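Structures given as structure tokens follow.
The following pair of complexes shares a single chain, subunit A, combined with subunit B in the former and subunit C in the latter.
Moving on to the complex of A and B:
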């Protein structure tokens, strides 16, 4: 029994990081109606920028290095929109989709150009995990859980308690109507991109702290975020959150029953089944951002 | 001016033609530029050392042997254009293939289609065995590692292990070979599962290992995945003997996994440095290149050229089929610097395995 509970615990933690990615992805979809493939690169850029600020010549302590890293990632996210997506917004959704795929390649290759394709690490000292009556959890894992909770709490307060949140929800409901009613589009778009980038960067940094950095780290996790977004119904923030948790738990519990070499099978199967039978997601009943 | 230059070139070519016809030419698809050029130069020097010896011994049936080097820019695309030039323009019947298995795999179908002998000196991928009858290699296939690891496991007296491997054709193939050899010798596999390439979280996999209560785990994987598994196993306090292959034998593994890599034991293909062949090679190298260390895979490149020269001497003609038969004949019982070069039906050679371990944060030989 404790074996399954430990798997569940691993799943919740992995899922909370997926949720961070999925929420950002679905926010952008909710407002701008396109899937941003370049979201993956925000994950890796967040991690690499932290590495840059924490290693020579800057050599700031990690907790300081994350601040400029997250800010710069938000700037990249914001620039994506300003320079690429905004001019294309009048075009068809497929144009935006293809632009985002191109942008994803570009950002990834710039990253390779600067840091190379080789594996990098923060070289943190190795530590044994904490043991609670037979269950293991590491400091970084606890940090993942805490960060996910904190960020999602902030998001909840922002969306439900502030005027900005209301404007955001109104825009997600109907972009044109919201604009006519006087919602400032540049402001909404800045908030959406900042949130999406900060969430992605935070997740990326946590993943890198847990293991290591490589240029493909974002892409590998984006597919999980896609599955989570679909599971929750595209554009539905709380759906994406639950979706992320669901995917994390499902693939980790799956390890008990079939070869973990097919872990990704879970997320792809979820994508297919939902697209076929419930394109609106299974959490469509919950009221989300829309 | 242009015209006269043209005439000079024509005259030169006419003169050069009959002269070079006396030479026996083979080609080499070598990374002289690009990311592998650091190795490529060493390969070239080792080949040239062997060539010098071949020609000092009288060349090929009285004619000097010559290697036409073609740069491949260390890429698969570069290797393809280099091989096409060597086959169609230089019309060479025997070529030394490019370094890096992926580049080699890109050119091997071209050689096979054109019935051109292609030899590898440093490509390990198991798939190369399937390249075809005209493709040979003097470097052991990765597939043999499965056997190497099984023997290591038995030597260390672990008769019950968990087997995990990376989920691609390399890992699955290796695991199959390991399993066959290990279970045939009476070993028992407590649990067996593949793990995905490129994941950041293998905690649930580690948990499965823990559940089996195994004392040893055979983990056939790469550097990154290996390091992550070791680290996450360490975090949960899992104490097992990790047994790995040569694909994870890298200082990078130690850098990424830190203390968690301590005590890992693995295998890697090696050869004795005590044989007369090796000693002769070493002496010859130091004489020709007094300031240079023997490069990575230099010995294999040297063996490749010497073995090729033997085959060329034995070949009835330069026709593809005659060359192919001569290669197989020449390899039979041939003891090179890197050991026995007898080719099997896939054009592969056998191997002797050494063991490595991690001690005090460094990769060392395990004794």
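Moving on to the complex of A and C:
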């Protein structure tokens, strides 16, 4: 029994990070109506830039290195939109999707060009996990949980309590109508890309602290985030959050029943089945924040 | 000289692969981002059967059938969704296929892959067989080209284009949209499996690492670069992409810098994909030439 509870705990921790990715992805989908494949690269660039600022020649302490890394990732997110997606927005969603696949491949290879394809890690001192009556968590995992909670809390306040959040939701509901009513599109798009990039970078850094860095880390996690987005119904922020938790838990509990080689199969199967049978998502919070 | 033969064979196999994707993506407007799975099914089925002692030609036919059946099995449920959702469903299908190949070691030997796949009996193994294989690949590519041209020039092909442009209109004309799309996917999958068997028996070693997202992106690049929905587009695109990829080897690059070549190539491929989408979404050979008015 405690074995399963431990897996459940791991699942919640992993799921909270997936939720961070999924929320950004779904925000972009909600407003701009296309699947941004290059979201994956925001995840890995956040982690790699942190590595860059925390290792020589710069060698800042980790908590300081995070700041320029997140800012630069947000800059990448902005540039994606400004130079590529904005000019393409009049076309079909497929054009945008293909462009984002190309962009993702390009950015991933820039990573490989600079840092190589090998696994890399932050040189953290070995830390002993904490034990709570038989269950183990590491300090980093606690950090992951805390950071995810903090970010999602900020998002909640922003979306429900501020005027900006209101215009964001209005835009997600109907872009043209919102623009007619005087919602500033450049502002909304800036906020959406900032949120998506910062959340992706933060999640990427946390994951890299827990495991390691490799150029494919973004894509691997994007697929999970995508499963989460679909579970919640595309464009639905709270659905994506729940979806992320669900994927994390399902994947970790799955390890108890079949070979760990199939761990990623869980999110694939979820995406596949949902697309085929419930393309609107199962957490149908239709009245919630879209 | 042998190297040139090798590049030509690769270009021919890739043009078959690109033509098969074009049938779905260009003509039917079905954005299949998991096409590499059918290439992989063709390669694996054919390789496994010929390892089991089945003659190569029979193994190839079984591989085509397997790819076609899988295509039909995927198409019927996946066509419940359309557009970018269909793209994601197929992409995920390809990743599932790759995971199965990676994990079912008893069958596919997992990441070690399958070595020593034999050539057809009338083609000598190794370098001696290359001219004969070139001829084989050439005939295969020409056959595919002629088949696709006849198919797309027929009423079936025209109906596919109508469905791509306006489903409701096609429906109003009494066309069974689902059936047309399923047929397009089955034909595309069989041809992708065909490209896969050609490739497996040529290269003689396959592993799950050959059927990743990168291959999907490459073949997508071939199609959109050449021109979607045209007969020559994917052929031209495939030849351009393969020759560009191989030409890089002849650049005078000092050994210390060779590790930068592959990522740079990737950056260029990705960049081209983005630029095509922005500047010339119809590719090098546009489907509708602009008429002077």
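Just so it is clear, the second predicted complex is superposed on the first by the 287 of 290 C-alpha atoms of A that agree within 3 Å, B and C clash if a C-alpha of one lies under 4 Å from a C-alpha of the other, contacts with A are read in each partner's own complex, and residues count from 1 in each chain.
As a convention for this text, contacts are C-beta pairs under 8 Å (C-beta built on N, C-alpha and C of every residue); 3 or more make two chains touch, one makes a residue touch a chain.
Because the structure is predicted, anything quoted here is derived from the model rather than measured.
Student: Clash or fit: subunit B against subunit C, after overlaying the two structures on subunit A?
Tutor: Here subunit B and subunit C cannot both sit on subunit A without a clash.
Student: Is A:110 contacted by the first partner subunit B, the second partner subunit C, both or neither?
Tutor: It touches subunit C, and subunit B stays clear.
Student: Would you sort A:255 into first (subunit B), second (subunit C), both or neither based on which partner it touches?
Tutor: first
Student: In the superposed arrangement, which partner chain does A:7 touch: subunit B (first), subunit C (second), both, or neither?
Tutor: First partner only.
Student: According to the stated criteria, A:175 is in contact with first (subunit B), second (subunit C), both, or neither; which is it?
Tutor: Neither subunit B nor subunit C is touched by A:175.
Student: Which partner does A:264 reach: the first (subunit B), the second (subunit C), both, or neither?
Tutor: Once the two structures are laid over each other on A, A:264 reaches both partners.
Student: Output check: A:129 vs subunit B and subunit C. Expected answer is one of first, second, both, neither. What do you get?
Tutor: In the superposition, A:129 touches subunit B alone.
Student: According to the stated criteria, A:119 is in contact with first (subunit B), second (subunit C), both, or neither; which is it?
Tutor: Touch partner of A:119: subunit B, not subunit C.
Student: By the touch definition at the top of the document, which applies to A:164: first (subunit B), second (subunit C), both, or neither?
Tutor: A:164 sits against neither subunit B nor subunit C.
Student: Which of 81-89, 135-143, 279-287 or 333-341 in subunit B clashes with subunit C after superposition?
Tutor: The one stretch of subunit B in steric conflict with subunit C is 81-89.
Student: Touching subunit B in one complex and subunit C in the other: list those residues of subunit A.
Tutor: In subunit A, positions 259, 261-262, 264 sit in both the subunit B and subunit C interfaces.
Student: Can you check the complex and tell me which residues of subunit C touch subunit A?
Tutor: Against subunit A, the touching part of subunit C is residues 31, 33, 77-78, 80-81, 83-85, 87-89, 92-93, 95-96, 99, 102-103, 213-214, 217, 220-221, 224, 259-260, 262-267, 269-274, 277-278, 281.
Student: State the interface residues of subunit B toward subunit A in the complex, per the touch definition above.
Tutor: Spelled out, the residues of subunit B in touch with subunit A are 166-167, 193-196, 198-205, 207-208, 211, 223-224, 227-228, 231, 234-237, 252, 255-260.
Student: Within the complex, which stretch of subunit A touches subunit C?
Tutor: By the definition above, subunit A touches subunit C via 34-35, 84, 87-88, 91-99, 101-110, 112-113, 116, 219, 223, 226, 259, 261-262, 264-265, 268-269, 271-272, 275-277, 279.
Student: What does subunit A use to touch subunit B in their complex?
Tutor: 3, 6-7, 10-11, 14, 118-119, 121, 123, 125-129, 131, 136, 138, 207, 210-212, 214, 216-217, 220-221, 252, 255-256, 259-264
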